[in-house]
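First comes the structure, then the notes that go with it.
Labels A, B, C and D are assigned to the chains in the order they are written; within every chain, residues are numbered from 1.
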Amino acid sequence: MTVGNKENEEFAPSILVFSTDSISDPGIDLAGSSHLAYPSTVSVISLPCSSGIKPKWILHAIEKGFDGVFIAADGTDCPFLPDCTTRTAKIADTAQSLLKEKGYDPQRVKMGAICSVCAEPFANHMRNFFNALQKIGPAKKGGGKDGI
Amino acid sequence: MEYDVLVIGGGIAGMESAINLGEAGYKVLLVEKEPSIGGKMILLSKVFPTLDCASCISTPKMAETAHHPNITTMTYSEVMEVKRNGSGFNAKILKKPKYVNESACTGCQDCERACPVNVKYDEFNFDLVGRKAVFIPFPQAIPKVAVIDIDNCILCGACERACPASAIDFTQVPEEIEVNVRSVIVATGFKLFPAERKPQYGFGKFKNVINAMQMDRLLAPTRPFNTVLRPSDGKEAENIAYVLCTGSRDRTVGNPLCSQICCMYSIKQAQLILGALPLADVTLYYMDIRAFGKGYEEFYKQTRDMGVQFIKGRVAKIEERENGNLILRYEDIENGGRVQETEHDLVVLSVGLLPTPEITSIFKEEKLELDDYYYVKQVDEDLSPARTSIEGVFVAGTAYGPKDIPDTILSAGAASSEATAYMETTRRQK
Amino acid sequence: MTERKVGVYICHCGGNISDYVDVHKVRDVVESEDGVAIAKTTMFACSDAGQQEMIDDIKEQKLDGLVVASCSPKLHLLTFRGVAKRANLNPYQYVQVDIREQDSWAHREDHEGATEKAIRLVRAGIAKVRQSQPLKPTEVETVKKALIVGGGIAGLRAALVLADMGIYVYLIEREEKVGGWASKFSVMYPHDKSGKELIGELLSEVAKRGSKITIFTNAELLKKGGYLGNFDITVGIGGDTNEAETINLKVGAVIVATGFDTYKPKQGEFGYGLKGVVTLPEFKAMVEASDGKLEYDGQQVKNVTYIYCVGSRQKADVENANTYCSRYCCNAAIHTSTLVSKVDPTVHQFHLYRDIRTYGKYETLYEETQKMGSVFLKFDEDEPPVVDSSDGTLRVRVKDLLTDREEIEIDPDLVVLVTGMVPRENAGLTNALKIPLGRDRFYNEIHPKLRPVETVIDGVYIAGAAQGPKNSSESVASALAAASKAAGLVMKGYTELQPLVAYVDPDKCEWCGLCAEACPYEAIEKSTDEQRGKEIATVTGMLCKGCGGCVPVCPTDAIQVKDYEDHTIMDAIDALLEEV
Amino acid sequence: MEKVNPDFLDNVKEMGAFDISACYSCGNCTAVCPLSTEEYSFPRKMIRYSMLGIEDKILSGPELWQCYYCGECTDTCPREADPGGLMMALRRYTIRQYSVGKIADIFYGGTSSVIAWVFLSLVAIAGLVYFHNPTPNLQRVDPLSFITLDFLHYAGMVLGIVIAFFAIAQLVIMWRSLYKDEMHVTIGEWWQSFWDILINEVFIQKTFNECEDKNRYWAHLALLWGFLGLFLATILAFGIDFLISVDSGLKIIPHVLGIVSGLVLLYGSGYYLYRRYFIKDSYSKYSHHSDWVFIWLMFLAGLTGFLLDLFVWINLPWPAYIAFAVHLVVVFDLLLTAPFAKFAHAMYRPLALWISKTYSNKEKVQQAQA
């Protein structure tokens, strides 16, 4: 992990994943038990439901040094809220506008439905997001501009 | 050992009954013959008509069952005998050796990777792929513990050496356990119709003729090949046919019943295929589309609007071409009643459900009666759907007839309800 | 600096972790974290020895927090909660950090990265434990009584089984008499049982239960108050609600079994209104009343023609379309036709259908009626049969898809419109109970696959055709299933609720109602905070599922979910980002 | 627009097809049928017409006669509705419908057919009793010393005229229901397909050979050739008697032909009798009495013809004359009822096949031109 050396050529973006206990967490676990590799700069925080993520947490994560935040949404499999997808999408939207306000690239937030056996999709999401963030470049810790 | 209820079968019917009873405060023993609970549902891709991911909604149920303080789960075990004993029953259970210490195994699969034996069939992938002689049944298995298939094991000890937890234990022997229970719930589920019994469809002979359970595995997120490939040459299928009523509504194979779920699972798979292979054509050959449950008709309509072809006509025979493609012969009933021969590169047989009549043999002294079609007989379907010919023994799920998942859950609720009422009334009578 | 004393255990998992993660390095780094009293590596945390070591440490060192960095919590969360319990540590002060599935196994080619990640994850776990509080599941007493709304076959059957379980039952019925639709039929499929007799049987059983079941007729549910397991129900008795005498009932669970109505065709729909055109329920009554001879209007009936899917499977562009399939009607019509053949085998019967849906064992009914001589013709939804009697003869014209789309003409004595089920008009009840309706306007279950009798309102269950079309034995099954769920709630006299629920900071809350809107479980209500002299939101912990759906909508950050508070999450984020 | 006739199926069911109501129109029978074509698809369509009582569609098509009752449809019918049985029942029904003055009805009714067969046989026996020579040659077998050539000659002529009258009248009836004016078929086209049908369908029975059960095909061919052979032997024998001499050495030819044909016919009819009695193939599960009578008459005709020749050969006068008498009675029954009983298919089928073949040839030509 190269959080400290973001200016280096080989920039390894750090990614925070918000996942959910009953749906996306097992999917992410399965990626590991299937030995599907994705960057080690990906870390996960689990919540009960992706509709409970606060946009300001996302902003906090970026401001404090994560280069991207991925929301592993429950999608239609959510055990709590039938409109979970819509709600989560709204949260992602709000987070994106918050980032924009602060001068960050809104692309630093991404959302995807990860089901409890979506190991492969998760690993793919991570690799793609990682690559995309490499292009965007490191987020300036403490509120620097992304240059947009 | 004493329990309130013995539930035979750890599929969704058994799990639901067990959870209901556990919640109401009864001690439940759930016995499952496979190494994991979950039944057939956990192996499915998604479920109709909501397209929920099957394992997303069934894994929590499995975990709830396995971790419920009032439920004891015994996997890889079979109930050998149930006999009346006072106001309850005495049951003998055979715990088959997994040759793995369940409490030590961490589910890491190192043994699986070390095992040199490639077994050609994998029952949890419906033989689409092979597995090792030591294996974890499937990724979401509960308990997530390896099991050694001793019939195929060469006793080389590779797994033993690879296991970091020293969990491999070849000294295990079958163990017979006797328990006393007050009530029994039979939730032994169904068997898939063996498509070989319709030789005109060439299942087992033509490589690109598969059954719908195999297709569900190909579509599942944990699928073996990671895409929908046809078995003969690993090409992505472009033109897929579904043959409905394979082994159902068919007196020539001795099953005049409709299997109740095949129309809908075929429609579901058709939708999933359109998602997985956007360029593929999917055709369903059917007799009547039985989309009768809540939201099913709408789902069927949606599938038609997505471009899936529905042709009324029972496929009479299938022939194989040299390139592995298949020719289906049928009468296109609604369009002139002409005999047609159509070529497809993959054929899915929508196999029906068959009963599991073997269960009757474990009941001694009293007879667990079967109905005309060898399902467990409901002695009072109108008012007590879960009641069987033996007082205190109840039936849940597809053990008494074909059912979709919601109906199975209802029947499991009915069984747990009636078992509760039975135990409470007998307790009061005492 | 925290006062907390946290124990951290990093599992080798026999190499599954330690082969990729330098567990000793992780230990060395986190040892010095704020609040860590003890940090160890362990070969198998889950083994008996591993568990005992933790218990001993917790007891000896008086630890008040536990972090186990091992495999996925899906495997061993409960194991280590058990460890905590046995060591007299509150289980909610334990956190499991997944460094196997989400670390060592996912980054096998990157040992350094995996080790670094493990350090960050464990730090986040420690941060979380530092914020943790001892929590207890709330135990709620439940009233061992149930209310059943609707006295049809489903309601009566549920009442009986609940009474047998030892649960006191109130049953309220809107009509003058209980019995519902089933009591109107003398023969029903599949076993030719008489509905009247079945209801009679149920009523005599109900009578035997004596005071365990109380039935109110002419009664309607007016209001529901209280909370899970302790509902206060107001029932109005005696017709018009204004004059109604009201009674109050305290129950632990409510089962709604209000049944269905039959579809009434519009004037002119498939000839409805013409002489000789009747609906299936009307025809059924005729057949049951017939005494060896089927007659209509004084004339012997020799030819009956059925038209299926009337009022079901309608196209979406029809006004108030019933796009659903009504499930029971194919079977019911076919069963009726077997009765006709038994009354008079010479009656010719033609069935004009779209798909015959005699699912499961009912297929044998279909076969039976065919063998008795019923002939089936299939029509296209775009070319439905036409019924008219313009020249004095009742005539049906249909293009039969089975006969090369040949236009067929039948001159029946009777046309039977096979009508389906429609949801019953129940606006008052729906309002009082707040159960959502589905697109088909039947009551909606919380999940159509695995939770077909539960609703978003905990403790309120739906049974029978109120949830969707069903035949009588299916209604009975669902009534029993609903009873089972109700029993799970009230049987023990108490229920345990998980403590991780939402709560409101009254200082921050300026009631806006957004959180209440966001909650489908009716867990948030407006209340007055006397102390602060303002209106605020209050969470009924018993109704809250802890999903957090309300959290992001709050404009003042006043609502939080326990264990997932702002500071917990942000601390965890900070911990993840700390320099290694 | 077709009006349903709900009674129609009841009438057909008197001729068999008892299980057909179980049909749920899946189309398996039609798809599995080796003889059903895009153009003429059966049996399911025939089932539909029967259920709805659309009689003219059944009578105006060749499908009934294109079916050889291989039984595959019945074997694989998921509802065990016996679609092949319906085709047979419809054929019996159709033979009755075509027959002049509804004479065929007699041979399909229960009591009436017993009376008819007994009566016909008695007429034949009475004729023999009246016309036979009470003092036949007992030294050397000479059938013509038992029954005079003249009698046989004239009786044969009368019989021939009667049969021909009915056969032609009924074929005309069939022709008219199958004939389509709008096809504009030329004489040449009729002629061309005539030979095709005669050789391929009558003599070789090519279509029958497409059924899976080859034994049945050979047995049917044996029946046909055996019968034709015996017929030819009889004519040859008479011809030699008339034109050359009763003692001509050429008579060896009809003798040998008769023996061979008799054996062949015995094989064919014996095969069918055996299958119907002992092996219940799907096509022989149900036998209408009209089937039994026909197959027994065939068998007896072959047997007595063969015995006659045998006895002539080894010179056993009385057995030969008795065999001859029985043979004549059987042949009389068989031939006189040929236009009405099951034998009638031998004339209806070729005609139906001829017409349909001509039309499909014509259609192909028209399509090619278009």
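Assorted remarks:
Criterion: a residue touches a chain if its C-beta (ideal position, glycine included) is under 8 Å from a C-beta of that chain, and two chains touch if they have at least 3 such contacts.
The structure displayed is predicted, hence computed values, not measured ones.
Taking the mean of C-alpha positions as each chain's centre, the chain lying farthest from the centre of subunit B is D. Inter-chain centre distance (subunit B to subunit D, centres taken as mean C-alpha positions): 55 Å.
We define each chain's centre as the mean of its Cα atoms; on that basis subunit C and subunit D are separated by 68 Å.
The mean-CA centres of subunit A and subunit B are about 36 angstrom from one another, to the nearest whole unit. Centres computed as Cα averages put subunit A at a distance of 83 Å from subunit D. Residues of subunit B found to touch two or more other chains are 50, 52, 57, 107, 249, 256, 312, 333, 337. In subunit A, 26, 30, 33, 79 are the positions where the chain touches two or more neighbouring chains simultaneously.
In subunit C, the positions touching at least two other chains are 74, 100, 356, 367, 378, 402, 404, 447. By the document's touch criterion, interfaces exist between A-B, A-C, B-C, B-D, C-D. Those residues of subunit B whose C-beta lies close enough to touch subunit C in the complex are 12, 16, 20, 23-25, 47, 49-50, 52, 57-58, 61, 63, 67, 103-104, 106-108, 110, 144, 163-165, 249, 256-260, 288-298, 301, 312, 333-334, 336-337, 373, 381-386, 401-403, 405-407, 409-414, 416-418, 420-422, 424-425, 428. Residue ranges of subunit A in contact with subunit B, taken from their complex: 22-23, 26-27, 30, 33-34, 76-77, 79, 115-121. Residue ranges on subunit C touching subunit D, taken from their complex, read 303, 348, 350, 356, 366-367, 370-378, 397, 400, 402-404, 406-411.
Contact residues of subunit C toward subunit B in the complex are 12-16, 44, 46-48, 71, 74-75, 78, 100, 157, 161, 164-166, 188, 190-191, 193, 198, 201-202, 313, 323-325, 327, 330, 355-364, 367, 378, 380, 401-402, 404-405, 438-440, 442, 447-453, 467-468, 472-474, 476-478, 480-485, 487-489, 491-492.
Here subunit C touches subunit A in the complex through residues 72, 74, 98, 100-110, 113-114, 116-117, 120-121, 124, 447, 500, 518, 520, 545-549, 551-552, 557, 561, 564, 566, 569-570, 572-574, 576-577, 579-580, going by the rule given at the top.
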